[in-house]
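What follows is a set of structures for review.
There are two complexes below, and they share subunit A, which is joined by subunit B in the first and by subunit C in the second.
This part shows the complex of A and B:
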């Protein structure tokens, strides 16, 4: 049936096309709005802080190394903003990926146990290494390693059992409980200052990252993104079921494997230098989906921007609301994200 | 282009589900596989589309073994519509049908892809639903959209798993007439699974009656479907009655209003 010749009414044909084009145009408009919010959040974050350097000083402070505010903006705020963007976008687009391949709106890097695994990986050096031992690096390394270990375990189980999304989710939840109880065990056994360090790590913070860490995180987060974006049409297909996707030419087991590897790498990059900022990976994908639909060619970049904006806004609020005190990022993210999320949830007409 | 299945065997966990299945499907022909629940109809469809791994036997497209083909290449020749399709995320009808272009398109749909989709939507009377969420459609509309998606694949053969299973009488006939039209007008070969023997007999060129994973009969519908084969395969007493120039299968055990007259 190569190019079947349908006898059609061209008016009707044009109508469907025009309607779809209109929809696509609305998606671009939503995308432009998201970009604007993201840009505003980034500039706002650069222009606010306890030191009082504001919007007017921003450009001269960045361009002129002799400017009195140069140090504050370039060495303090800029790395924070960069880390916020990386963390927020990485968590958000890996959340999209996990929700797609698991066909589950509740999935996120954390429901697959990666948050608790990373936490446990960070706990080990806190408990067993003396502070002098470049411990911050070991904490990041441990978080990274255990995120990847949990991904490998999930992949191995699905591969061995030749299983689908349900097994993956159950496996992830089992890992989550395992690693949280291991972490609790060390919290219970640990000395007071170790326990407070663990608690602090779990709050999440952008202040730990210098430019070296940012460069590493950038490689881990931005590297997988184009590869994931390339798979966007296949993520659309897998939403309607494994068999349907296979029938349309998708190598489903391979897609799942590639997706998990790439998304866990981005997750690991997002959290190993910052700690647990769990909420973004679940909610940013939903915010983006409510704004411009589930087509992954739009959804992936849109949710990356939403996630970045969410973390930027949360961090800015955390730094300014109670200045000079800084409220930990993990706490503020939920405080700012949840009301907005509820608002969208209430406004939305269709089912999830 | 012929689709040919030779001596196909499939099983899992050491249990044979299908043994020694063989038949060919020509362009423009509708072959329906019927048989009791659990007899391997869906498995057979999935073997033909290579969604299930075939243990032994050959599936060839115009003499070429499909086992060596990439999934994308296979999808250009075989369109598959599974029994249940639902998405937990909102997808418009247009986007759903556009998925059918996957074997042909790159990352971004071309003008030709868009045109093909709109053409098929209007052909099937779905143009008005283009930007409606798929999950909001009725059962009959969903089935038509899925058929539209398979059509957008521009495949030579359609493999349909119970396309009428959850539809009311009107939509059953509508969908089957559409399938018949695709075969007659566009020369698409159709292989489908179906429970309703009357619908199968009315719209198919041949029926393959499956019994415990083996071919019980293959041929013209009423040559295959008769009192004897229904008793053998389903274990049910039935009569073949005639009305309005058409034959019908009427099962009668358990009829509270009396048995055969």
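This part shows the complex of A and C:
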């Protein structure tokens, strides 16, 4: 399938071709910049923490199991960084997908009600299961299950009514209200300690994820990614409108269906072990879009990296600026991302 | 009759009849005067003698009109103290969550409900019309007084979960309910337990470092939290004791790098009273000890990791929790202390229900 850039290519003029090559070079440059920021964020996160193990000790600590900092770096910091990368990238590229199929710059992984559904799924075990049961697993399972339930409801409505993006958004908003009111209801039922647990879950945290959880999250987040990347050209076309996309050979209902399933899976994987982390899924796609344009072949990996970097930076700041107290991740993501987002917003006019 | 000012009324009576009216009338007055005064006293609730002033949990001087015959308990801490003061019969309505602990509360769980601990059902309260409603200092919000006072229902905010103010609040409630004797007994019992701990701690050579974890993982308890107070009274050094906020999140790395000698964790809704074994708390304990990098921590190595049921973790029974903690922190000083026995005494003496359940689990075999 051809993308807008290839149309420029076909006009045969040397100047236009040079311009296209220049554009592509700029995109790769921006991509390299994003990769550099991401790498710096990951190393920075690995090199900072309460125990004071710094950059110099990092490599020996990882390679040598006898090193005193081995446990700190390998058992605590590496999983944290891995989970941050998975969560940030999963939310960010799901955000891109939802913004594309709903053709709405305000869309995020939570627009179709998935955040509230996940929250409700987590609240149930917090209220009804005593601490002794494998509660963390149930909380994660509940969050995952309800994220997927909300996706299935959206898909069912879309299929039955042959609905477009507006109906999907309305349906998502309805689900969002339904699940948040259910959450509030159970919160209302809860005792003091349960209410605080619910509040803390919604703040989000990377502390609870061990390697087992990371492996599960990786399957859910990284599994759909190549499949979504394969759909990138179709996302480019759907932005021109359903009819235009159909005219260019895109099976729009099928694309929406596949996209919702894959992106919901990635969203569920991103948040079920960490809590509903807001803002990343909305803003990371825009940051990437402002840096290297709306071509989804570039946009998808770039926003995944932006999202990962954003969560890494937010988590590192959350752990260090007010140490030894930790500022919960869900709070810092917005603190960190908003100033940069505003800066980019002032420079660009178009959102999509 | 001028009920607002009985003296004025009596003066007017004297002036009206004067000295020339004869002895028969005077003797009538002498006969009716005491009756009149008694009538005045009983017909006036605003009479200064049957209002008492107490300091509530927000530090305000609050006047409570007497007599208080029926009480609404908005939370379990208030209800527990009411039952301990032998005032269970005065409780006309209770918080909605009580049904979860039916075994502990018995018939009290069947009393009409006045809403949850932080959201009052005003209509239900208006219908039951208790003389007094007892609530926490901030939950439900100030709308509680705003709505109930116009209906003639008084509200008092008493926490009963802060050790520092517990005895004062109990004595005040005792005065309000005419249960001064029971209040003195309960306060005396608390003082004896706390005094015993403080006395033995005088000879303590060190205060072991403690990582206290609240109900959520990696959420500790800082200054002005109930658990921090308990830890200090039990002779421990709370690692988050000098933080800036009462319920801070901490990173696993911080916990590991602090290398606490002891770890204490609160188990939420463990409902210990109804449990016959310690498995439920043991599983929580096993999970803490198996957390990444935790096996290297001194507390985990020595097995000094305790999981405690929320019913002895702050609240009116915090003193039992303190005894559990003191024995864990200073086994040399408190080896002969049996917190379970103290707890049993409290439950049987003051709550007047059979003792049962499991409230703490620790690795140290006794």
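We take it that the second predicted complex is superposed on the first by the 336 of 352 C-alpha atoms of A that agree within 3 Å, B and C clash if a C-alpha of one lies under 4 Å from a C-alpha of the other, contacts with A are read in each partner's own complex, and residues count from 1 in each chain.
The rule we apply is simple: a contact is a pair of C-beta atoms (placed from the backbone, for glycine too) under 8 Å apart; a residue touches a chain by one contact, two chains touch by 3 or more.
Keep in mind that this is a model prediction, so the values were computed, not measured.
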Inset, instruction - May I ask you to decide whether A:76 touches subunit B, subunit C, both, or neither, giving the answer as first, second, both or neither? - result: second
Inset, instruction - Look at A:237 in the shared chain and tell me whether it touches subunit B only, subunit C only, both, or neither; answer first, second, both or neither. - result: first
Inset, instruction - Would you check which partner chain A:212 touches, where first means subunit B only, second means subunit C only, and both and neither mean what they say? - result: neither
Inset, instruction - May I ask you to decide whether A:181 touches subunit B, subunit C, both, or neither, giving the answer as first, second, both or neither? - result: neither
Inset, instruction - Scan A:50 for contacts with subunit B and subunit C and give back first, second, both or neither. - result: second
Legend entry - Touching partner for A:246 - first (subunit B), second (subunit C), both, neither: first
Inset, instruction - Report for A:326: first if it touches subunit B alone, second if subunit C alone, otherwise both or neither. - result: second
Inset, instruction - Could you look at A:191 and tell me whether it touches subunit B, subunit C, both or neither (first, second, both, neither)? - result: second
Inset, instruction - Report the residues of subunit A in contact with subunit B in the complex, numbered from low to high. - result: 1-9, 12-17, 19-20, 22-23, 99-100, 103-105, 230, 232-234, 236-237, 239-241, 243-244, 246-251, 289, 293-295, 297, 350-352
Inset, instruction - Spell out the residues on subunit A that touch subunit C in their complex, using ranges where they run on. - result: 49-52, 71-72, 75-77, 79, 130-133, 136, 188-189, 191-197, 200-201, 203, 205, 207-208, 210-211, 319, 322-328
Inset, instruction - Flag every residue of subunit B that touches subunit A in the complex, lowest number first. - result: 27, 46, 49-51, 70-76, 78-82, 84-92, 94-96, 99-100, 102-103, 105, 107-108, 114-115, 117-123, 126-128, 130-131, 133, 135-136, 151, 153-156, 159, 182, 186-188
Legend entry - Sites on subunit C touched by subunit A in the complex: 96-97, 100, 116-119, 214-219, 240, 243-245, 247-254, 256-258, 266-271, 279-284, 291-293, 296, 310
